[in-house]
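In the two complexes that follow, chain A is the common piece, with chain B as its partner first and chain C second.
Let's turn to the complex of A and B:
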């Protein structure tokens, strides 16, 4: 019985950073931004979080600083989006930059080795009076601190938020930016705020790794959790209702891969299951979109719809929402935005 | 008009150069903060990455490292130019390398034929893995960028599983395959750095891909369906065929990259073979302006900075080697950021010139070059 509880406990703890990253990816995607820089936000959050926590001795300040660092990268992305920078290339650059820069700074200033482990108390686990003494639940909920609960709370909150007025606006901006703009919504501001929030969440996910769980920082600590979060959000079809199960599939697969190695089941096989599920989910979404029309095409291009271009005071100025003038140059615009630039 | 053209050329070369200078400046500040001279650091990198003495040829090590990177970069160039935004080079590289290792070990062939067989296996495996996102994109409209993230993860897991279980050579803590046969190894010119035929193949591939994209009909169709899809469609080119071809060719190139790494340098595949070479190739392709020659040059530059930062900075100056990759990542960020700024600047200049023409009372009917649309 305790074995099951221990397994569930480690599964939950492995799910948390993935869940944070997945919520960040979901928010960005629903606001119409393909945000591939989540990996860098998680890693930056882990690094800044433990630095501030070790410096001040306060884990809460560490988590807040991690959120701020993630939000800063989010702000960079938002600025780039407004300028019309190719976000995919920028995100690839940012991911490598944060990975290399954190190791460089750690080697230069924090002892010159591959691991930085300051004298730091990790966030203490929450003890709920009465439950901690129960046999099964006590083991299940042990070693879970407030940031774990925050992850699940954030998932619920996003689900509720999408039903509010401003949440609906966010969805409108993501699905039909031109329509949203012509209805008077500020597309740029909505996307900027969403990217800031997504960055903060991913940063907290990173802080959970360093400040919340292990109390140290290692090279490439995020270890693809940002990418896995993006995949988990896709597996959830970017719907808040499925985000916790989708992230849990990945988290529990990791937990299972560690346990099953004792029975000589390869870790790669266990970890393959969620990735394979994500692949199948993507193909199924493609099949459904194919039969329903071009919804997915719209979604997949939404990040590349250059809203800056609509506001530009260029010579043939089309009013947002107005029918495009039947010129050959206009015909080319939507499809040429798919081509890689640079 | 002549002056305009010159100014435009200066702007278009100047902005990327400015971005590169800016990233070097940030790198210099980081080195300066450690109390080392940035100039000394830079010269150490160049010395350790690109110098060659009779005893030990650093340049050889650089070129040996550059071969696989260049192949992956070429794979990325072919994909990106066709509008297939695949970042799956990492997975194609890993599985291509594994296929090369298996073919090089299992298939007995005479000396001249065995490397060809191994590289053919690599290319085939890479092409098969590379055509998956192309098929899904063309027939189901799946976003190729996202599916290749998943495919990279699956390829890494598949490699780790195969290397640890069915293809494992012997019981040890780390899984690795059998060593490839002697006949299947690529000739090496310099045994200490493993500089050999692999790099020559990479140079030939740069020429071939450049020729293919710029001088052949199919290559032209491929570029057009990436750069001007509407034009390509209306002039009867099949974008479906182009994208599928890009998936096959790009995958084959990245797969050969893995193959030459195995039969040219490592001679076996170790767990964790998928170490980011494919991703490095992708970034080299982007920084190189998605051209074949740019991919080749940037591949060498990447390898040189990596070798120089490891052998020079870290060992001789005590500056962590990550500074090299940090500066390269900064270059990607800054170069990505300068592109739209350049466009805005040119639009601003065009508009100002058009306004001047209007103010001076020039007739709009006369063909006034690019400003005539106003």
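Let's turn to the complex of A and C:
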């Protein structure tokens, strides 16, 4: 057994669901939506994925169903966004709802609360002729199935997508919705499609946990991976180029915490490693005023407090909703001037 | 009166009407207007007079209750800004609609980007924008990121955006409000050049001199109606102002010569480090303000004026230097302490700093003095005294549509400012800080603010007037200082300055380049 290769292998496998969640968070944030419901999408994906996979005996169908369940939650968010519902509150509700719904369904129909482990073959690992037999690389790449490669492929794909016209439009919608709308781009449609895609990705991340890796479902299987994904996206400053390393920080921190238990390190220390990594990451992000600003901007866009709607009297202004100025969470007034430095 | 008689006008409005049932406002009452090809029409009028609603009707934000819009003689239905652009109407709003992190080229061609192999083709976009910029004279560097550009250049980008969409009629909404004098002069030239190339321009403004310079025809609106229409040079500023307001307006403030008294506010070496948010900070500012004088502080906004005002008002602690009001050191005071020393502060942001719009008028009227014995006894508010004070403020300052017990949020900008000024000038303060007191106000309200400041001066207060309007500075000030990049130049006696010299000082004294923003490579302002 090669210890290093084994550690790397487990790190990669622990990175995958976080990476899916992080890409979902990145996409939503860049489209101008503060998506805090990713945790519920991951959990829903894990649950629906294994149910369908067990029912049909087909893991691919399971993963697809997981993607659909995540996208369904994304559609809910998109609908709420259009109706002007506070997305933060809704997301908190969804996270709780999905967790309790899976518990309820397990208890009612799957005969238990703790674990559901159907007779199921997980997604088989990809064997690459020539490499899988090598001692180090073989151990490194063992147990890695196609959904693992899909996560990294998706990260690259998002980077490429942002260089296309449609990707540019997504960025414009997220950064300056009024500018995008005035250029004829549909803000609502862009955000809806993005939320659907983000939901599907987070759902696949969930399916990886149940169908792809373990072949069983446990209560609260997502175990905060959705939140950690959001943290990873923040750490990556919502840039596709940094998203894989940022997700890997958390994946490998988890792997380290598991490995270290073998070395007589107290559990209190090892279990702190993933959370500690998240804490350090958030401090780093917090120190960067710029990305903190964009987080607050998203927050202020999502939380529709009535103050943001107050306008000067008289006929309504053309600007729909609150349009915060760049790099600031202040609600802008029609009459306030802009300094040359923005 | 229409120079294009005989030809089909580029844009014709027939009997447009818009009534807002919710607020009971007849915003546009029967407006007919023609704009010919290659013509510049200035649309002037006070705030809330229906100009914005009229434009919103043109751009599909609202739909008219009655009337038709014809473009090149054909009736059009406009339901969105896209519809408007499709028939050739382009709009440049006061608040630019740009994506800050995108380049100039990416912004100009947003929604109609050139592609190569499915990818966004930056090189082709930059070429096209450079060509368009060269053709129309709106010089920009297509590769620069919009966030880094000075506001005047951002406006060029916004205009280019409309032109790239083949707008044949361009509507500029108060385009010079954010520009330096030389930038504004340049814009006037560019607009004339656009007209010469056959494009039509509607120029919304309430600055009469520039309207006279730019327009072929001036249309005056009041209370939702067109009340006057003049060819270039047909009407004087005074006539136009009277039509806009409906009564005679003093365009120049009435001021008696008055010898300034002793210095009451003295700043020495005040420095504030530049902020992380990109604010300029202050660099070694030293000057003194005397009793009974108005010192005008000119400058393009964002050059440290806000920091200076906040430092004096004790809202910001300077890194070094002293600020003394009489014998009180303000840098060690709280904002309330500074007020107790005799400071009044007419905040630049009356919506968020000057007032609490959710609070009632009487609460706002005493918000700086509610702990005083006049309004509180043993920590309990004296409601009757407060109400009486608020009612007196409403009467004395003619705050229209106001009641002491109603939130001020429903008042118009001019009336909000009256509440602020009534509160701040009460009790004859030693020093009055007036930060852009007339920004966004209409002619009638501006006249009121000017009178109030002059009255404070006559009563012996020292007034520091921060303004980006040179006319205002020149009309009211005894001495004029200029802020540029955190440095204070002056104050100079008003007689030593003219508009040109002020303009040069405001742009860092770059006397050799009349239009410092024409060359983006120079970095423009800053």
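In the analysis below, the second predicted complex is superposed on the first by the 263 of 342 C-alpha atoms of A that agree within 3 Å, B and C clash if a C-alpha of one lies under 4 Å from a C-alpha of the other, contacts with A are read in each partner's own complex, and residues count from 1 in each chain.
Here, a residue touches a chain if its C-beta (ideal position, glycine included) is under 8 Å from a C-beta of that chain, and two chains touch if they have at least 3 such contacts.
Only a predicted model underlies this, so the values are computations on that prediction, with no experimental measurement involved.
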{"item": "Chain B versus chain C as contact partner of A:184, first or second or both or neither", "value": "second"}
{"item": "First (chain B), second (chain C), both or neither touched by A:129", "value": "neither"}
{"item": "Partner chain in contact with A:101 - chain B first, chain C second, else both or neither", "value": "first"}
{"item": "First (chain B), second (chain C), both or neither touched by A:172", "value": "second"}
{"item": "Partner chain in contact with A:278 - chain B first, chain C second, else both or neither", "value": "first"}
{"item": "Touched partner set for A:92, first chain B, second chain C, both or neither", "value": "first"}
{"item": "In the superposition, chain B vs chain C on chain A residues touched", "value": "B"}
{"item": "Partner chain in contact with A:269 - chain B first, chain C second, else both or neither", "value": "first"}
{"item": "Footprint overlap on chain A, comparing chain B with chain C", "value": "289, 312-316, 332, 335-336, 338-342"}
{"item": "Contact set on chain C toward chain A in their complex", "value": "18, 20, 23, 25, 27, 48, 52-53, 56, 59, 61-62, 81-82, 85, 93, 95-102, 106-107, 110-111, 113, 115, 118-120, 147, 150-152, 161, 177-178, 276-280, 300-302, 306, 349, 351-352, 357-358, 409-413, 436, 439-440, 468, 525-526"}
{"item": "In the complex, chain B residues that touch chain A", "value": "30, 33-34, 80-81, 83, 85, 87, 136, 139-143, 145-147, 149-151, 153-154, 157-158, 160-161, 164-165, 226-231, 279, 282-283, 286, 289-290, 319-320, 322-323, 325-326, 328-333, 335-337, 339-341, 343-344, 347, 351, 354, 373-374"}
{"item": "Touching residues (chain side chain A, partner chain C) in the complex", "value": "163-165, 167-169, 171-172, 175-176, 178-185, 289, 307, 310, 312-319, 323, 326-328, 330, 332-342"}
{"item": "Residue ranges of chain A in contact with chain B within the complex", "value": "34, 36, 80, 83-86, 88-90, 92-94, 96-97, 100-101, 103-104, 107-108, 112, 224, 227-228, 230-231, 234, 266-269, 271-272, 275-276, 278-279, 282-283, 285-287, 289-290, 294, 296-297, 300, 308, 312-316, 331-332, 335-336, 338-342"}
